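Note that chain A is present in both complexes that follow, paired respectively with chain B and with chain C.
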Partner chain A sequence: MTRQHPVLRLLLLSLFLALAFAPFLFPGTKSVATASRICIFIVLAASYDIMLGYTGIVSFAHTMFFAFGAYGVAIPLSRGWIGWDAILVGTIVGAALAALVSAAIALLSLRVQKIFFSMITLAVASLAQILATQLRDITGGEDGLTFSLPAELQPSFRFLADPIFGVRADGRLIGYYLTALIALALFLLMQRLVASPFGTVLQAIRENEFRAEALGYRTIVYRTIASAISAAIAAVAGGLMALLLRYVGPSATLSFDVMTDILLMVVIGGMGSLTGPALGAALVVLAHYYLQPFMQMGFDSLADVRILPALIHPDRWLLWVGTLFVLIVHFFPAGIVGAFRKH
Partner chain B sequence: MTPVLETRYLTIRFGGQVAVDSVSLAFHAGTTTAIVGPNGAGKTTFLNLISGQLRPSAGDVFLRGKRITAMATPARARLGLGRAFQLTNLFPDLTVLENVRLAVQARAGAGLGFFHAADTRTDLTERAQTWLSETRLSARAHNRVTALSHGDQRKLEVAMMLALEPEVFMFDEPTAGMSVDEVPMVLDLIAAIAASRDKTVLLIEHKMDVVRRLADRVVVLHQGALVADGEPAEVVASAIVQEAYLGIRPANG
Partner chain C sequence: MKPVAPYLLLPVIMLLAFPLMSGPSWIALTVAGLAMGMMLFLMASGLALVFGLMDVLNFAHGGFITLGAYIAVSVLAPLTGWVNAGSWELNLMARAAAMLAAAIVSGAAGLAFEAIVIRRVYGAHLQQVLITVGGLIVADQLIVAIWGTQPLPLQKPAVLRGSFQLGGAAIETYRMAAVVLGLLVYAGMHFILNRTRIGLVVRAGVENREMVEALGYRITRLFVGVFVAGSALAGLGGAMWAQYQETVTPAIGAEMMILVFIVVIIGGLGSIGGCFTGALLVGLTANYIGFLAPKLALGSNIALMVLILLWRPRGLFPVGGR
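Our next item is the complex of A and B:
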């Protein structure tokens, strides 16, 4: 569509370079884990943007599809089938299931009205949450599942005896680049998709569904395919998350906190651009990692002042996030990307 | 010869009001029919019933002899029913070229391409450009619709129907709201379609000079009912049209 603003391009390039060289630029277990998380959430937020930003449908079940992939990987691994084949099979099964369920929801409800779709996704997502905590034998209930990874992904694994630029050539490094490359591939795939004839029809549906139908597009088919693709990609992101955490549980994958984060990423970054949600993902993940502890510090140092500490107590995190959300929606309805849009 | 398009006892009620009242009409290939009538007569509603945006309370629609009353809008469009809307009805945040290309792409059945960039289908883009130049919109190709003047939006509305290359063209007051110097171009485009022997044109139009120039048949709707049907000269002169328009709109022309 329109060409990107230089500032925006600079931001995106910096994000790309930072992620490409994260283990070398920001060595340390915690920062590499943060970079992994950013990669994963870029995929998750961008896949959500295909629904929200491109097709104009609001789904609350995106974390459920994320969880499908995460549990898909966790279930075989936690039962002792530890291998790359288990990871591959788990991801594929999770993604296929996500695509199927998502398509089914879309077919059943999108025919009626978009708001109906949103409500059904909410109901199904709540059901999934209950199931994940109740089906203890399969999902590990509230506690979730912990598991070990194949040898090549373990910190003790060395693929080179000597460090590369001072960074240990270990399984963690392999894990990071595996995540980053898959994330990049999926992101490019999504960019392809939204620029394709199919993607243009999705935008047409968002803009004016009535007219899209009058041109002969069966919009229900397009929306169903879009939901299925979006869900499958979210599931792959879930699989990567499982590998990163070596743990899968309801709160890490299924909770509405994750859903709020995704929404926040997409809205802060700017809907309907993919690059917007990518920037949003980076911002929100960084804020989680560095702002919350920062608030804790502020809280501790202001412990004897009166109201202030209560406001910056780490538990007030959501309050601030909510405030930020409202401000952004009000002042930058098109997010970061929209603020830099050339007309 | 079976008519291209036919309605039988087509009726729709909104609450107690009968907006289209048992209208039976047949339209043959190569003909241009003007649909006239005062505001609220049911003209747009009649087209909505044909193109599928509304389902009739009673009666049927036939396309080439096939009953399509229950068929969904997209399927009707793919069978060759083209529609340009009275109230401009576009994809506002997309560019002019993208709007038309969506129509070209629909016509080519190419919407389910997933892995190539839409603008690499140069054949589709070129066709879209052709329609833009036909409607003198080429200079605006890369503007968003929201940046267009009202007149240009009306032209785009027409361009998108042309790009669909339908068999039946339904124009709903195509020149309403256009500036005077843009009108002749649009009328020429419609005249060119009307002149072809295999296309069928339905034209809702208030201006009687336009009706006389383009149409070879005029039907009059009044309170949803068909009240006159015939040659333009005789229908326009008839008492019922004079009455229907008198006091509501001056019979300009």
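Our next item is the complex of A and C:
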């Protein structure tokens, strides 16, 4: 692996420092929730990049694996089994299921052609979306599942009587640092993985599958393992998301909008390095929170004009995201990371 | 040597379903399945040919289906008088106008899409998938911006509503019309591909592009033509499917695309015959299973695809070296 440009390292380091002290730097419920979301999406986008950037296969089922973890946590909690053991069991079951399904799809499709994988994941993901809305007894259908968390994670819980640097020492703070630490651990784990001999083989397959096969690596085995690991990590991120939202539903975890966000994060940041998706995740989440209200303002001020308001209505967010996406894939296929690579 | 077994799959499935239900419902479901299969074939054929010829997999293909459906709504709305008239001629004219407009607009959109997006990513699969997904998002959003998210109603022509009796089964007239039109398009494509010079070059290009280029044909220009034709067919299929469903929603293209992908995977990417067989298989399975076990209907097509891939990993009729 090539050494990264100092600017990139600086960016990544400042992102991590900002996240490490987020509750103190940006106090307030909303900004801490945003910071949690960034942590979760860093993991989600980075795990997707193991597939897209390192292995060179496009999956549309990453949200499905994300949802496995989220529902895995939500189902026991919403049925009254409220405890740390429920969260742990739910996450493990979700991750195991994700790895299994992902490996099955990979084995079925990758022995033929990479492009089959994209199409089959799209079909299976849409099946999962339909199942999640139809199996009302298990998943709560369209409404999803709401649940309460163990006492230690609730806002009313105090682990210290006095505030720390003006921030209340409550369950939310525990929840944030739990999310951030797990996210950091998973990120480091992934970094270790892609730098390992296993990761090197993945990159070799991406660069020249035929040659890698000729060198004696069974490419399908490597690809299958990579997609299983990536799916399991996505499921853990889903479990964290469920804890953050205290709600799991099809639109929050399974919809194509989430998939679009992940793609955008990886592509903006830059495929084929884990720094890229991390930066991309932070940018996209922040844009969601702070640019969408901006569109509403523009919409309100232009309400008298004929066609323009329809195009900048906040619901048309995806229109601009999609346009940006096409432009980036076309003009800057290596994303932010690529901008620093050549010099 | 062409394998025989894949050809037998259709009659086998039809025979398997026969003892499981009464005669009339078997006839009705078979016709419904064939009609759905024909419409699926219209939507899938363009995708399969484009992939076969240029190795381009267009994930935005579903956008053309949605576009065709909405164009049909917009054309039929001012023609309500014709649609509801009891005469064949007026009905047919309204229908022909809607389908023609759907095909032409989708074809034109295809031309623009090819020039703006697809042309720049020849040969790079990863970028192709990404950029066409981006294009699909933009296209879907533009369609929503123009027509809104509300489902729009759409009426079948008056003479094609209702049903007629066949062997004790009530067959919807529109389904029969869809089967006939689908067969006509299939026959037309078969004729062009197998009996004309252009078709010969297209088929040769699917088998071996470099060789055809070496013989002096400009395969990129040919490809643009195939891409436009494929988009127009998708629009036509979308318009027909919309009339069959009698409503149009922005999700129509995405819903059909799932089935279209299953069809081309089953058929073997790039093969028209495989695409036709695959579309009919998917249509029949969806209808039989939907009747026998409605709860399983969702997964039945994916199960069909998995089974076929286990049996023939490259699809029923693989093309060339693919």
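Following the convention adopted for this analysis, the second predicted complex is superposed on the first by the 334 of 343 C-alpha atoms of A that agree within 3 Å, B and C clash if a C-alpha of one lies under 4 Å from a C-alpha of the other, contacts with A are read in each partner's own complex, and residues count from 1 in each chain.
The working rule: a contact is a pair of C-beta atoms (placed from the backbone, for glycine too) under 8 Å apart; a residue touches a chain by one contact, two chains touch by 3 or more.
Since the structure is predicted, the reported quantities are computational estimates derived from the model, not experimental observations.
Student: Have a look and say if chain B or chain C is in touch with more residues of chain A.
Tutor: Touching more residues of chain A than the other partner does is C.
Student: Just to be sure I read the superposition right, which of the two partners does A:Arg211 touch: chain B = first, chain C = second, or both, or neither?
Tutor: First partner only, chain B.
Student: With both complexes superposed on chain A, which partner does A:Ile130 reach: first (chain B), second (chain C), both or neither?
Tutor: Second partner only.
Student: Identify the partner contact of A:His330: answer first if only chain B is touched, second if only chain C is, both if each is, neither if none is.
Tutor: second
Student: When the two structures are overlaid on chain A, which partner does A:Thr219 contact: first (chain B), second (chain C), both, or neither?
Tutor: Once the two structures are laid over each other on A, A:Thr219 reaches chain B alone.
Student: Which holds for A:Ala151: it touches chain B only (first), chain C only (second), both, or neither?
Tutor: A:Ala151 contacts neither chain B nor chain C.
Student: Between chain B (first) and chain C (second), which, if any, makes contact with A:Arg192: first, second, both or neither?
Tutor: first
Student: For A:Ser109, select first, second, both or neither according to whether it touches chain B, chain C, the two together, or no partner.
Tutor: A:Ser109 sits against chain C, while chain B stays out of touch.
Student: Is A:Thr200 touching anything from chain B or chain C once the two structures are fitted on A? First, second, both or neither.
Tutor: In the superposition, A:Thr200 touches chain B alone.
Student: Residues of chain A touching chain B in their complex?
Tutor: Against chain B, the touching part of chain A is residues 1, 192-193, 195-201, 203-204, 207-208, 210-219, 222, 225, 343.
Student: Please name which positions on chain A make contact with chain C in the complex.
Tutor: 52, 56, 58, 108-109, 111-116, 118-120, 122-124, 126-127, 130-131, 134, 256, 260, 263, 267, 310-311, 313, 315-316, 318-319, 321-323, 325-326, 329-330, 333
Student: Enumerate the contact residues on chain C facing chain A in the complex.
Tutor: Touching chain A: residues 57, 59, 117, 120-121, 125-127, 129-131, 133-138, 140-142, 144-145, 254, 257-258, 261-262, 264-265, 269, 298-299, 301-302, 305-306, 309-310, 313-314, 322 of chain C.
Student: Where on chain B does chain A make contact in their complex?
Tutor: Residues in contact with chain A: 51, 53, 72-75, 77-78, 83, 85, 89-95, 98, 101-103, 105-107, 110-119, 121, 124, 144, 147, 160, 164.
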